Structures are given as structure tokens and as C-alpha cells.
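Chain naming follows the written order as A, B and C, and within any one chain the residues start at number 1.
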């Protein structure tokens, strides 16, 4: 199964630190370009905050639109990090090694991006401090803990803190490495960040135990985050298409689907951009594609269940909504695209080993999944509001405005920008993991399966 | 429902749909009373106009049997309001007098409550409200002007309730039935809108709500509104026809 | 804080789990209820308000209102509960009028045009007075005072002023009531319009007049309608109008006759009643006496063919009307706006004779003449025929000075009379008003006029409540000031006061004096709603209550004959108007803008039309089936062409209008009229064709035929309704309809079954109950 060749330590160092030590030529222009897009996005956001939400395409009763969709989308993407690192770490899946850091990074940056949306979609963002912090203890006014909008920042905040720690702990050995290879201000920076990492056995032990403990802690949080995000909708008892009982697991599995796909996209890019063919290998894509087949099919089952539950009740408004969502222009067009891209095109393709091992194919199919998963959220959120309510009189459609699209684009530029910026200062593939995998690997039998695993000496 | 004895208030409205002629007097009275921003053409076209009370018109049948049915809809002041639990900052909550109240200063403008409200009676200020200076003369000093970015909705003319009940308290008597009139109920030419205290068993609203025509809107949601509707009467409707057919 | 088990359970029962933890930390229990302890800012009530009673003559038919004033600013206009006409209730027009008072485009000072081609330039009042005097000094015999139909003291001042200069006082009303006044006079012998005892009627049969929305005295009729519906035996309303107005919508039976056949319909109903012997011989005889030529050719099938209404419906209407008494019949509006208008309305009012409803409970109630000598209790616009003659004089240069107030004649006159040319040939056009209107573009002198909230006057409501009323009008605000440094909004003067200043003083020095004087005269009669020991206390009492009324001074009728000079309607010609489809044009009053006099008010502009929910625009209502056939969709810009001009309107198809009829609201299409009205929509009045009622010469404003063509553009109709036709998704939601005696619960059950059946199909639904 493994198609690796032996690499020497110097080669690993040189290759994996190429982002920091000899920055590729495309880096500066790309980052500058993304930086410009990010700045434009920030200006548009400021204009929106300054002028008011009138600049969006929102109306009555479509009070939520592109922003909340994109929020859910990025929270979904963030599920990749934990899925890849924590679960695979706990199950000691060896192939995870080269991709863990990028996945964790994606978690942190997509959460940071996701959090922006609930903030800016509010009418008075500057007052949101009131909402997240119990601000008025003297008069006994607390935030309303019954509201998912309070649970959201709590869950996401916890997730973000956990993921950041997780990322940082795994970064420590590499920071030490970088400190030893740099001079001047960079050296000073890495010295501070490395927290005195010397790589002694005690430090290694603490680092490993910390990583495993955090992995275990993060798993329930990972499940809670998208469950809670789903409750933003599931508790709105009067909104057809929202008040579904199945939403929590449905959202979680959907998040894994989109998150893992995003990791695939990112891996392909990393392999191409930094020429890490030796580290990010087809076998990794193969493994992720197999995982995705399972996840996507599970997700599909939930999608069908959701529809079945909705239709089984034979509740007219519910059926009217589904009819609109699936059969009425322009929703039907979006629905078809959603279904093709989120499942029908990629999953059958992944059944072929040739596709799974073809980086370009994996790149494009994983992008398709995220197009589809974005549309999925859009198709849940907007038709639910634009639906034919019992008060037909106030039925309205929604068309996102230019401002909303700009901010939507900003989010993608922003995440990529942060990733690239990070790549300039920190290795995207953990050096120690790469080396460890060279040193401590073997194939072990688990039941009847032969899997790669770490063989570690006891100390 | 509140259980308090008479003397406490549970404000509510009874809407006799049979009397409503769709004249919109209530709509404009509410605009004037509550400093609602001007609904400019752009706001109307983009479905952002604000109208704490609106008169909906439904078509039934076709020419020459077409019927237009009107129904005035304002916040139903639900006892069990779906808009309330979702508000992260308690900017909207139920008070002890049967009203769903909106605290503008607290509202951060998530619009979550508006998604939760099945009656679509919550209105978001997409823009800062502006009046030409001279028109600001007619603004009601009893009612806060809402800034952009926040939610607003029918308040049951809470400032009128406060004025009347303070006066009654200072004069040492109960608020008499009918003493509090909301702007809409006071304007309605046909008296389709009646406002009063459900805790007073002798009040007009308490008696009207016993009418056999009483119903509440969207009762499948269990919101327990404090706005009670009395059904429209169609003199030519064949009573029992539907039932007979379905049971037969 | 110590909690025992019971308290703890009580707490956990009603609070979120988190709150319990806070309780344990020692917060008082009351903080735990999930309710904020803060009060609304609205709790801080500042200042005292005062409510002044006054009358709203210019924008209603004399409704009495209370104006809420705080710190010298008018805040709100509501009905005056004491006033016998509207009894505390309102229409959608009341508050809109408030915005004229504080309108940012109010004319702030007098303005003069030095030459016909020049611009208006501000001048001071002294210079304006001088110019006014000059215009009057050589105008003797060649002066015309143009106003809206004025009752009360202002009406008498305008007439006397015109008389002083040997001039004319002509009232202008784009949808003049002359036909109605004529019919009421000839059939019932009344000078004042009667009212109708709707509240006590069992059946109301009305034609053409949207009396719940815009016709006559909607607030008064609305109050009565509420009582009519609330009676022990709920009343039955039959309404005949080609388009669905709110009165049609309120009707239990809506008849949609071909426009112009309302008289035929009335006689058809009479035919059914007489041939089925549903009324007494006495009534029959009285009816026949009132109808020259008797029922003639009005056989029921013939009537059905002519009116386009099925025999069934006519018979049902007739039987209900004759059998469920007291019943009352009345009409007006578009029913009288035809070449046979006098016949139509005559026939309609004569129906009251057939059911014995004249001057009886639940029937037609006559109104008495004015309580004050020389103060008119009734007013109507001069007929279109008279206007054509008058304007010919203007064009010929035979009129030296025209004084205009309250009537935007340039906006209101059809194109056919070439009003602009006529005005250009009048040397002195003096226009009063609060906001620059289309007529002022042709004025030589523009004088800022006080609104009804700033000036003295009186109004005698028409139709009144059936007895004598004098409604008083008093200033409720002082100087019209704004809250910024700009200070004065308008240095306006009252129309009446200005005329009196220019007069010889023989009929008064100022309006306040006139009103107070008349009130003391009333004191001397010693009767009525106000009693006081002295004339001055009496006057104050009347002003506080908004007027004086005397329920014992009632009117009476004397039966006459229906004018049958022309029985059949004729319509204008569309022969040479190019491509398109022909429609009967029915202009209708906007509930909020009325005929356009409130177009300057943004509240009036934004008020949704009850039927289309449209605002801020001019739309054209056409039957939805017909629209489908013609490929017309909502928002299509339609070119509406008559032989006197063309306008554009946005198509609004709906099921509530007769195919072949197109309904267009009045009130838009102003060139001027402030920032909110300028250049908005189209003026349907401009394309009316000069058809006239045969008997009175009144403009037959519903007799225009138009040719309709799509312009090829489509825009969004600014309306409140969403982007689909609003029909209930589920029967009974949200408007639950019950039959007489049916409970809401039963109706909901039945609807539910009905719905299940529609939804699941017959078989499943019955299976469910097996």
C-alpha cells in the first residue's frame, strides 16, 4: 500500500522548509494579489458596517442569506482539521502524517473566517460584545443561553481555542528546528515561539501526551460545533425546511464531507506548489478518497432521511417548500447542481483507483464537493425563508447583492492568504512527523488487516 | 397565560375580521403614532417596508365570484413566542402584562427573532431612518426612533398603556375598560379592532373572545397569542357542507 | 441564598439550567425569571399633551377630528369621539394631512411672477397685498373665484367676495357630485345629500359608490357598517360596481355590471320585486309614480343581457332587498358618471320608494338645511358644461382675475379643455396653497395658505348625520416652526382671512370673528349639544367639543320623479387610436391620495391600496383571465390611450374586475406637488373624454373608452403583497370564513377535512376515517 521511498534527513529539512528558507518565486506576487482582494473585501465590509445592511439583498422575510450560508460553509470546512488529525491520530493511521498540520491550519483559519460572518451580518456589529459576554451582571441581565446564537460562539470559541493549542503543540518541534536555522529577527521570533524546545525526551513525551489528550478532548467539541450550528435552524419551529430533527448529525457528517474534501484540495495544491511529491503521495489521496466515499454516502443517507421525514408527515407547507426547493426555478437549477457536485459526480468517480490516485482528478472532484456543499447550505437556509408561508402575502425572493458576493469572495481570498502567509514562516508539513514516519514505521496486524503504524521505543 | 387576579393587566386585542373592510386607516395611524420610517418606493419594492400592522388581502374564487378577504395582522404578542428564546441578548421578551416587548437598546440586529416569528410581523431597519427636518416636528416624543440595524414591531402602543396606567395609578383607580386605545384600534372606523385587558372578565375583549367565531392565527404552532380573531362571516356559505362531505 | 427542595423545583421549572447556577451565587430570585428587569424607554413619558377638536373640511366631507399637540407641534390626527359624523373614528387620510402641515416643500412666502414668461420670485406680504389689490381693482365683473366645493363659513366668504366684485364663485371637483345632487333633488326632493341608516338596515343595496373607501363620508359610513355587521341579525350587503373596491369586497353579494348599466340593473331589480309581488301595492304605486314611463322594456332577461349579470344574481339581489327590510338603496360615484348618470342614480334612489325606505329607520335619512343663514350646508362642483363655458371666457381674455384655492385645476381638468392655454390668457391668476401645485405653474401671484390645522373656519358635514351640525375649525398650532435654526416653515395666511382683508368688511373682518359670531347666534337659539350661561362660554364649549349639533333639527323628503332624459349610456370613441384592445376606463379615487389632493404626503403615497396593495405609482387593474389571454403580466407598462390623450400605467391583473374594464386610480401624475409626488405615475383625469351627463352637463368621467397596448417594458409594481398572487395555501388560513351560526371550531374542522382531501386525494382521506 505504501509507495514511499527512503528520504534522508537533510533532504526532508531542505524540502519541507522551502517555504521558509528559500521562498518560491510565485509566493510574493500571489500573496500580494490575495492581499489586495482581502483589503478590498475589508473595505467593502467597512462600507457595509458604516452604511447598514441596506446594501445587501436581504428583505422581509428573507432575513438571512449569503452570509449565514457562508458562515455554515466555513464552519463545515473547519471540521477537516479535527477529523484528520484527532481521529486519525487516535487511531494511529500512519498516512495522516503529512497532512495533519495543513488540516489543523485549515480548521483554525476557516473558523476565524466563519466567525466574521455572524459578526458582520448583525445589524449592529459593534454591540456584539454585549451578546457574547455576560455584560450586565449588576442588573442580572445575562445573554440568553437558550439561544443557539449564544451557544454558537461558545462552541466555536472552544473549538478555536482547542484547535489553536493543538496546532501549536504540534508545531513546537518544528519551531525549534527553525530557530536553529535562522538568524536575526526570524531567529528571535522562533526563539520566543519555540518556548525553549530542545527536543529532550521529557519534552517529546509531554508533546505527544498533550497531542493525544487534546485529540480526545476535541472530538466531542467537533461533534458539538456543527450540531449547534444546525440548531440555529432546527429550533425555528415555524420555518419549514429548518425545523428538522435530524439536523445535528446531518450537519456534522456534511461538515466532514466538505472539510475532508477541502483538505484534499489543499493537499493537491501543496504538492504542486511546493513540489512535495515525496511527502504528499497518491496513497494519501487514495486513503482520503476511500474515507470520503464512506462519509459522502453516509451524508447522502441523511439527505434522503431528511427529505423522507419531511415528506412522511404529509404536512402541506413542508411539501410546498420541498417542491419549491427541488422543482421551482431557480432553486431547481441550484438543486441539480448541488446534487451532481456534492455526490453524483465525485463519488462514483472515486470508486476507481485510477481516479483516487490521480491528483488532478482528486483536486477537481474535491472542489466540486465544496461547490455542492455550499449550495446545500444555501438551499436549506434561503428557500426556508423565501418559502410560501401560510401568509402568502409576504412571500418574497432573494437575490444577493454585489456587496454580499464581494464579501463571499473575500472569505476565500482571506483563508488562502492566511495559509500562504503561514507557509512563509512555518512548515506546512510537520518535519518531525515526516522524519518520525521514516524512522518509526512498520506494518502491524490489526485483526486481519495490515496497517502502517508507528513503532516507538519505550523510554 | 397569566394567572393574576383582576387589577393586573393582560393586554390583548380582539380583531373582528367580519368587520374589517381593508381601509388601511389602522396602518397609517400606526405609522404616525410610532415614528415608523417613511416607506419609500425603494423600500416597498425591495420588500423592506415597515408596517407594524398590515392589512393582507387574499383572493378566493374567480370573476364573477371573486372575493377579496382582508385581515389586519400585527404582532400577536404570543404567550409562547417563538421569537423570544432565539434572541441572544433578551432584546425581545415577554413582560408580565401579556406583551412581547422589544428593547431597542439591547437589540444587536441578528434578525433571528424575525426568522422565528411565524407571523412575519418583525421588521428590520436596513437603513437609518431619515425624515426631512421639518417632518420631524410630527414625531411622537413618546416613542423611541429606532436606529438602523435593529428590529422593531408592534408594541401594543405600550407608551399609551403607560400614560393611561400612570394616570390611573396617580389618581388611585383602576384603568377603566376602553381607557387604553392603541392607535390602530382608535382609528378603525368599523371597530374591527378592540383593545383591552383579558384579566378583567368584564372587559369588552374578555367577552368578545368568548364569541363562537374566535380563533387564533396558526394555532398549530402553539404560540398562544394575545390577539384573538373572530372569523369572517360569509352569509352564503353552506354550513356543514364540508364536514358532511368529508365524513360521508 | 438557601433553597429548599420545592423552591428549587419551582426554579428549575421555569428557568434555564444556567440561571440556577447564578441563583446559587446569591442573586435575588426575582432576577431569575427569564425577563429583563429593564423597562422600555417608552416608560419615560415626557411632557403633557393636549388634544384640540377641529374639523377636516378640505380632505374629508367634514369629519370632526382631535389633534394631539405637544410643545406646539401637531403629532397625530384622530377622530373626535363627540363628533356625530365620524364618532371618533378615522380614515387612512387623516394623518396624511398632518404631513402637509410640516411638509418640507411648503410654500414659505408669497411669490410673484412679473411677466407670464418669467419665474416666481419671493416677495413680502405687503408687496403681495398691493399686487392682489391691483388685480382686484380692475376686475369688477371679470373676476372668478375658484375653490374646491366649500361648505361652512369659507364657502360663504368666497361667494360673498366674488359677489362684491360682480364676479363668480365656481367650485371645481374633478369627480363632481352634480349628478348625485340632481338625482337626490329630483327623486327625494332634498337639497342636501341624505345619509343612510346603514346601522339599522337589514339589507344595503349600493351602486358604483365606494362608500367604505372614498365616497361620501367613509368614516361615518364605516362606523355604521361596523354596527350593521354587529347587529343581532347580521345585515346583508349587495354592491354593484364593475371593479372590486373595498365596498365590493365587503359585500355579501357583489354584482359587476357593465359600466353605465347601473340604472338598468336597478330597474331590473325593481321588475323582479314588482312581478313577484314582494312589496305592498302602496309602495308599488309610489314607485310607479316616481318613474315616468314605468318599468317599460325592463324585462329581467333583457336586463341580464344589458348589464352582463346573470338572472339568478339579479333575482337574489331583488328578493333579498325586498324581503329583508329595513333595506336601503343608494349609489353614486362611477354609477352616476355616465352620459345617462342622472337616470342611473334616479333609478337607484327610487328603489327606496319601492321598499318604503325614505325617511325611515334603516333607510334614507334626509339632512336638514344649514343651522346658520347664508352658511352653506351643501356644495358641489360646477358642472363640466359650465366649466367649458367659463374656460372659453378665460381663453377669450374676458376674465381679468382668477383667484384659486383648494383646486388644482391644471391637474384635475381633462386635456380636452386646454386649461393651460385658458390660464395663460387670464391677466391675473392668484393661487393660494400650502404646496406648489400644477396650477401654480400658471399663477402670477402665489400666496402661502394656512392648512386647516392653522386657520379658523367651520364645516357642515355633507352628508350630515341626519340633523343639524356645525363643525368648528380652529388653529391647533401657532406659527409653523421647525426645530432647527431655519425657524419658520411657512409665513402663511388663511384664505378666508386674506379675502376678508381685501373685502369691504360688510360680511366680516376675519374668520375667527365670523365663526365666534355665528356660534353666539346659535347660543341664542338655546338648543343643541352645547348649553352655557353666556355666549362666550357657549362659544368656548362648542370649540372644545369641535362644534355644535342639534339632534332635533332633522330634514325631510318630498318624492319626485326620476330623470329619464337619457336611459342608455354612450361611451367615447376609440376608432382612430391605433393598435391595442378596447376597455371601459373606470378611474377610481385612491383611498389615501383621494383625487390627488393628498399626493404630496409621503404617508398617503406609501399607504397600500387595499386591493392591489400598490403604492407610490399608477397601476391599471385588469381582469386576470383577460390579462392571460392578452399576454399581459403584472408590471407590464401599459399605454392607455383615449381620444384625449395617452398615459402609462403598470398592469395589475386580479380576479376582481369585470373583463373589458380597466381600473386606474386617480391622484398621481403631478408635475409639481412636492418632492414625493412630482413626476410620479400618471394622471388618469387628463385622458378623460368630454362626455357629459345629458341632464346636468356633468363630466361623465366613467364613460371614456380607451385602447390599451403594451409598451414592451416590465417593471416591479411597488406593492406590499409578495411576488405571487395571494391566495390561501390552505382553506381558512389566515382568514377563517364561517357560515352564519357556524363556530370557528367547526369551520376549522371542515376546512381541515377539505384540505386533507385536496391534498391526499379522496381515497386516502376517507381511508383515514374508516
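As a convention for this text, a residue touches a chain if its C-beta (ideal position, glycine included) is under 8 Å from a C-beta of that chain, and two chains touch if they have at least 3 such contacts.
On a predicted model such as this, the values are computed, not experimentally measured, just so you know.
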item	value
Graph class of chain-chain contacts, one of line, ring, star, complete, other	complete
More contacts between chains, A-B or B-C	B-C
Chain occupying the middle, per Cα centroid	B
Of all other chains, the one whose Cα centre sits farthest from chain C	A
Approximate Å spacing (C-alpha centroids) for the pair chain A, chain C	62
Between chain C and chain B, distance of the C-alpha-averaged centres to the nearest whole Å	26
CA centroid of chain A to CA centroid of chain B, Å	44
Sequence positions of chain C contacting 2 or more other chains	34, 36, 38, 613, 720-722, 726-728, 733-734
Chain B, residues touching no fewer than two other chains	47, 49, 54, 56-58, 73, 90, 106, 218
Residue numbers of chain A (touch at least two other chains)	141-142, 144, 146, 390-394, 396
Contact set on chain B toward chain A in their complex	46-49, 54, 56-58, 73, 82, 85-90, 106-112, 114-120, 123-128, 147-151, 218, 221
Interface residues, chain A side, partner chain C - complex	139-142, 144-146, 314, 316-317, 320, 388, 390-397
Chain B residues within the chain C interface of the complex	16-19, 21-25, 27-29, 31-33, 38-41, 44-45, 47, 49, 51, 54-64, 66-71, 73, 90, 93-96, 101-106, 132-144, 155, 158-159, 162-163, 166, 183, 186-192, 212-215, 217-218, 229-243, 245-247
Residues of chain C defined as touching chain A within the complex	16, 18-19, 22, 27-28, 31-32, 34, 36-38, 613, 720-724, 726-730, 733-734, 755, 759-760
List of chain A residues in touch with chain B within their complex	51-54, 56, 58-61, 63-64, 118, 121-125, 127-128, 130-131, 141-144, 146-150, 232, 235-239, 242, 385, 389-394, 396
